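Next come two complexes built around chain A: one with chain B, the other with chain C.
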Partner chain A sequence: MTARHKGWFIFVVLALAVVPKLGTNPYALHVLSLVGIYAIVTMGLNLVFGYTGQISLGHAAYFAVGAYTSGILTLQLGAPFAVGMIAAVALAVVLGLLVGIPSLKLEGSYLAMATIGFGEIVKMLLVNWEHVTGGPAGISRIPHPGILGFTFNTADAKFYLILTFSAVAWLLYANLLMSHYGTRFIAVRDSAKAAAGMGIDVRRTKIQAFVFSTAYAGMAGALYAHLNRYIAPDAFHLGESINFLLIVVVGGMGTLLGPLMGSAIIVYLRESLLVLKDYNMLIFGLILMVLMVFMPRGLVGSAQLLVSKWRRRRA
Partner chain B sequence: MLEAIQQAATGLAIGSVYALVALAFSVTVRALNQINFATGELFMLGAYLGITLTATIGFPFWVAVIATAIAVSVIGVLFEKIAYRPLFRANAGHPGRLHILIICSTIGTSIFLQNAAMLIWGAQALPFPKVFDPEPFRFQGIVIPVEYFWVTGVAMVLMGALNVFLQGTWIGKGLRAAAQDRETAALMGVSLPAADSWTFGVSAGIGAVGGLLIGAMSFAYPTMGAAFVLKGFTAAIMGGLGSIRGAIVGGFLLGLAESLVIAFISSVYKDVVAFALLLVFLQFRPTGLLLKPVQTRV
Partner chain C sequence: MLTVNSIVVAYSAAPVLREVSLDVSAGEIVSLIGANGAGKTTLMKTLSGLLACIRGTITFGDRNLTTLSPAEIVRAGISQVPEGRRVFREMSVQENLEMGAYSRHHGADIAGELTEIFSIFPILRERRGQLAETLSGGEQQMLAIGRALMAKPKLLLLDEPSMGLAPKMVARIFEVIAEIRRRGTTVFLVEQNAAMALHYSDRAYVIETGRILMAGPSKDLAGNPRVAAAYLGKH
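And now, the complex of A and B:
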């Protein structure tokens, strides 16, 4: 990252850190924390289909695995939050390898459907493996997260915790993509054959992107479990996977900032459309259709296009 | 044994519906290499329209089938014009991006249609009106409800009609030509925009009749599409995605496989059958039973 990027990063994190001090109500902080969690999941996903060009419609499954792993370990075995978090990420990585290695040889619609299939199987497990997952009722009273004796039991504290995780996740993600190594993903997306010709191991690159994203989904899932303190299979259905995909596309596929903007916009849209009551999802569907037609590059992509046009005209 | 035959009859009836959904998928995949994720919602609309047309307006069953097919085909054509073509035009140079955008746009459409149906018909399941003879067909201790014959029969007739349409009519020939090679077809005078409209219309109409038939065997509810989309897609993959014959074979096979699992194992595992078959086929034979494995060349 260049000095300018670092400057912006520090500015944004500090600006967000001030938010709880402005008398923001706990509900708004909760919603902002959710934006952070979505942003973590979709940073990973953006690497998969924005940068590497592979689709996944099953990421709710890895999100669920993270949430349940940390939830069960901390609640039933009394493990500390850090152990729950590490186990959540580890299990999501293992599952990502198990699913990714056989599936990523598929392409396009086939890959989309295979990932849906795996997602549904995980959901069936959550519902039917009752003595571990609590079945359809899920798990409640998951402990507040705690690190080194400090318990994050207020909306403010949880917001700071999630902000920290999102910021670290962002640093890793942005550094990876801006590095020399990150260009391999784009090469695979733009032409797998040309990339292979340049000596890039295409299969390996796809799997790396996929596993990176499942690790992020697992981490976000664990945060989600401790933020909500209640998880049930309902929260991890196909609609949630679709939601993640939409965030990336609406924010801007293959743009660094896309997942952040997308998470903020989609969560904001959902919340503000609630006033329409029965009509809210109807309007949400319409907005999506319109956005796809008029903003195929997403918010960030369209903004970049405008800026570059404006610069060219000035030059 | 009786139990197995009984279940096989159910399997054939349900399988014929799976075959129709698989056909709805295959028609768009074959022509445009795109999956329409709103297929399930067009299917759901078919079920609701069938109920409205028979119960509220009082059409006979077969008239309701034809009217539903036409009405939903028109919705399919509108969808192509409003949501598909602008995307296709604007992103023709980026096939990878186009693919994901179409998936998102069809998902947007399905959210829209699902909620529209919920507002129009309510969130509860609607039963199909009693239009069939309530006395089932009995033979040597086997009992088969009359609607199963209707469902299988209508599905067979529709498949036959689709075949005649594709093989025997000028429009059908144009569609097949466009599916094989768009540029050459355009040079030969096939209007590609018209072909795409027809493709979406035909796919929507077939899917809608599938929904109506399932409605006739059970009932309609706003989220019914999602359950059948995966099964229809599995059927299409089993036969060979994009192949018309494959879709029909896959549909019947899946229906039979499910009903045999119910007969010999347990109805709990009914829904696992489709997922397991989907994953096995995707892993070991993604081109299905009827298509040859493809080889891509550089």
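And now, the complex of A and C:
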């Protein structure tokens, strides 16, 4: 990362860090925390979908795996939050490898079907493995997260915890993509054949992107479980997987900041449209259509296009 | 340098290459001409390790290529320019070239190699910051060739370098191929444009329905009445 990138990064994190000090109400902080969680999931998904060009319609399942793993370990076995988090990421990685290795031989709609299949399997498991997952009723009263004796039991504290996780997640993701190593993903997306001709292991690259993304989904899932303190299978259906893809597309596929902007706008829209009750999905859909017609490259992609046009005109 | 010894390659059950043999010596330009569906691209894919042969062997120097992965073949010194160019559309010209050096270890003399490639293709230097998708077809072909050269290959494989290009650009590409050989890289190319391929290569093979039909110095083949009628449009 260049000094300018670092400067902006520190500025944004500090700006977000003062938000709770401005007398922001707990609900608004909860929504902002959700934005952070969605941003983590979609950073990973952007690597798979935006950069490597592989679709996944099963990421809600990895999100669920993370949420249930940490939720169950901390609630039923009294494990500390750190253990729950590590186990959540580890299980998401293992399942990512297990699904990714065979499915990434497929492409396009076939890969979409395979990942939907995995999503459905996980959802059935959550509903039917009742004595572990709590069945359709889910798990409630998941403990507040705690690290080294400090308990994050207020909206402020949770916001800071999630801000820290999202900031570190973004650093790792941005560093990976800006490195020499990161260009492999774009090469595979633009032309798998030519990438193979350059000596890139195409299959391995796809699997690495996928497993990176499942690790992120698992991490975000664990945060979600401890933020909400209640999880149920309803929150992890196919619609949620589509929602993640939507965030990547609306934010800007294959752009570093796309997942952040996409998460902010989608989470905010969903929350603010709830007052419309039955009509909320109608308006949500309309807004999405308008966005995609006028900004086909997403918020960040379209903004980048505008800036480069403006620069060219000045030059 | 490259020896292909009676290889058989098939898609599921149907053989596409039947006992194909050919060889390329260091410093040569060798072309393979044939019609659509004759097996030219299949041979290229086999040479670059994307397809496996059922029988036969391919050796490069003293190495057996038949068991190597595409990445290992690139490292062994064979780069290919795929059919239809396939540049990385959303990368800049310079980033495309740098990708070409991907297989070389870090700290390799990439800057020196870039200078060398810009001296062969001055237009790429002018366009180095532009996205590859904004280049013309001919420029993209030059970029694809430049990208393959970044790996510092001993042998360059070109799959239909003239495809989809205007006649003037085709001539320019073949001049570049001659220049690349002068600079020390051996070239093996497959072409439908037989006239150009025979004009610029030292030796050639004619392939039809998966079999090598004729072989010899390009000049002799160009003068052969059967080749003239079938591939050069002369009756």
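Going forward, the second predicted complex is superposed on the first by the 315 of 315 C-alpha atoms of A that agree within 3 Å, B and C clash if a C-alpha of one lies under 4 Å from a C-alpha of the other, contacts with A are read in each partner's own complex, and residues count from 1 in each chain.
Convention: a contact is a pair of C-beta atoms (placed from the backbone, for glycine too) under 8 Å apart; a residue touches a chain by one contact, two chains touch by 3 or more.
A quick note: this is a predicted structure, and the numbers were derived from the prediction, not measured.
Student: With the two complexes superposed on chain A, say which partner A:L246 touches: chain B (first), chain C (second), both, or neither.
Tutor: So A:L246 only meets chain B here.
Student: Considering only touches as defined above, state whether A:D201 meets chain B (first), chain C (second), both or neither.
Tutor: After superposition on chain A, A:D201 lies in contact with chain C alone.
Student: Regarding the shared-chain residue A:M292, is it in contact with chain B (first), chain C (second), both, or neither?
Tutor: So A:M292 only meets chain B here.
Student: For A:M124, using the defined touch cut-off, is the partner it touches chain B, chain C, both, or neither? Pick first, second, both or neither.
Tutor: Touch partner of A:M124: chain B, not chain C.
Student: Is A:K193 touching the first partner chain B, the second partner chain C, both, or neither of them?
Tutor: In the superposed model, A:K193 contacts both chain B and chain C.
Student: Between chain B (first) and chain C (second), which does A:V168 come into contact with in this model arrangement: first, second, both, or neither?
Tutor: Neither partner.
Student: Between chain B and chain C, whom does A:V12 touch in the aligned arrangement: first, second, both, or neither?
Tutor: So A:V12 meets neither chain B nor chain C here.
Student: As a test of reading the superposition: which chain, chain B or chain C, is in touch with more residues of chain A?
Tutor: Higher number of touched chain A residues: B.
Student: Using the superposition on chain A described above, determine whether A:I147 touches chain B (first), chain C (second), both, or neither.
Tutor: In the superposed model, A:I147 contacts neither chain B nor chain C.
Student: Which chain A residues are contacted by chain C in one complex and by chain B in the other?
Tutor: 189, 193
Student: Quick one: in the complex, what on chain C touches chain A?
Tutor: 48, 50, 69-71, 74-75, 79-80, 82, 86-91, 95, 98-100, 102-103, 106, 144, 147-148, 151
Student: Chain C touches which residues of chain A in the complex?
Tutor: The contact residues of chain A facing chain C are 180, 183-184, 186-187, 189-191, 193-201, 254.
Student: With touch defined as at the start, can you tell me which chain B residues reach chain A in the complex?
Tutor: 29, 33-35, 82-83, 86-87, 90-91, 96-97, 99-101, 103-105, 107-116, 118-119, 226, 230, 233, 237, 241, 271-272, 275, 278-279, 282-283, 286, 298
Student: Which chain A residues qualify as touching chain B in the complex?
Tutor: Its residues touching chain B are 49, 53, 55, 102-103, 106, 108-110, 112-114, 116-118, 120-121, 124, 189, 193, 238, 242, 245-246, 249, 253, 278-279, 281-282, 284-289, 291-293, 296.
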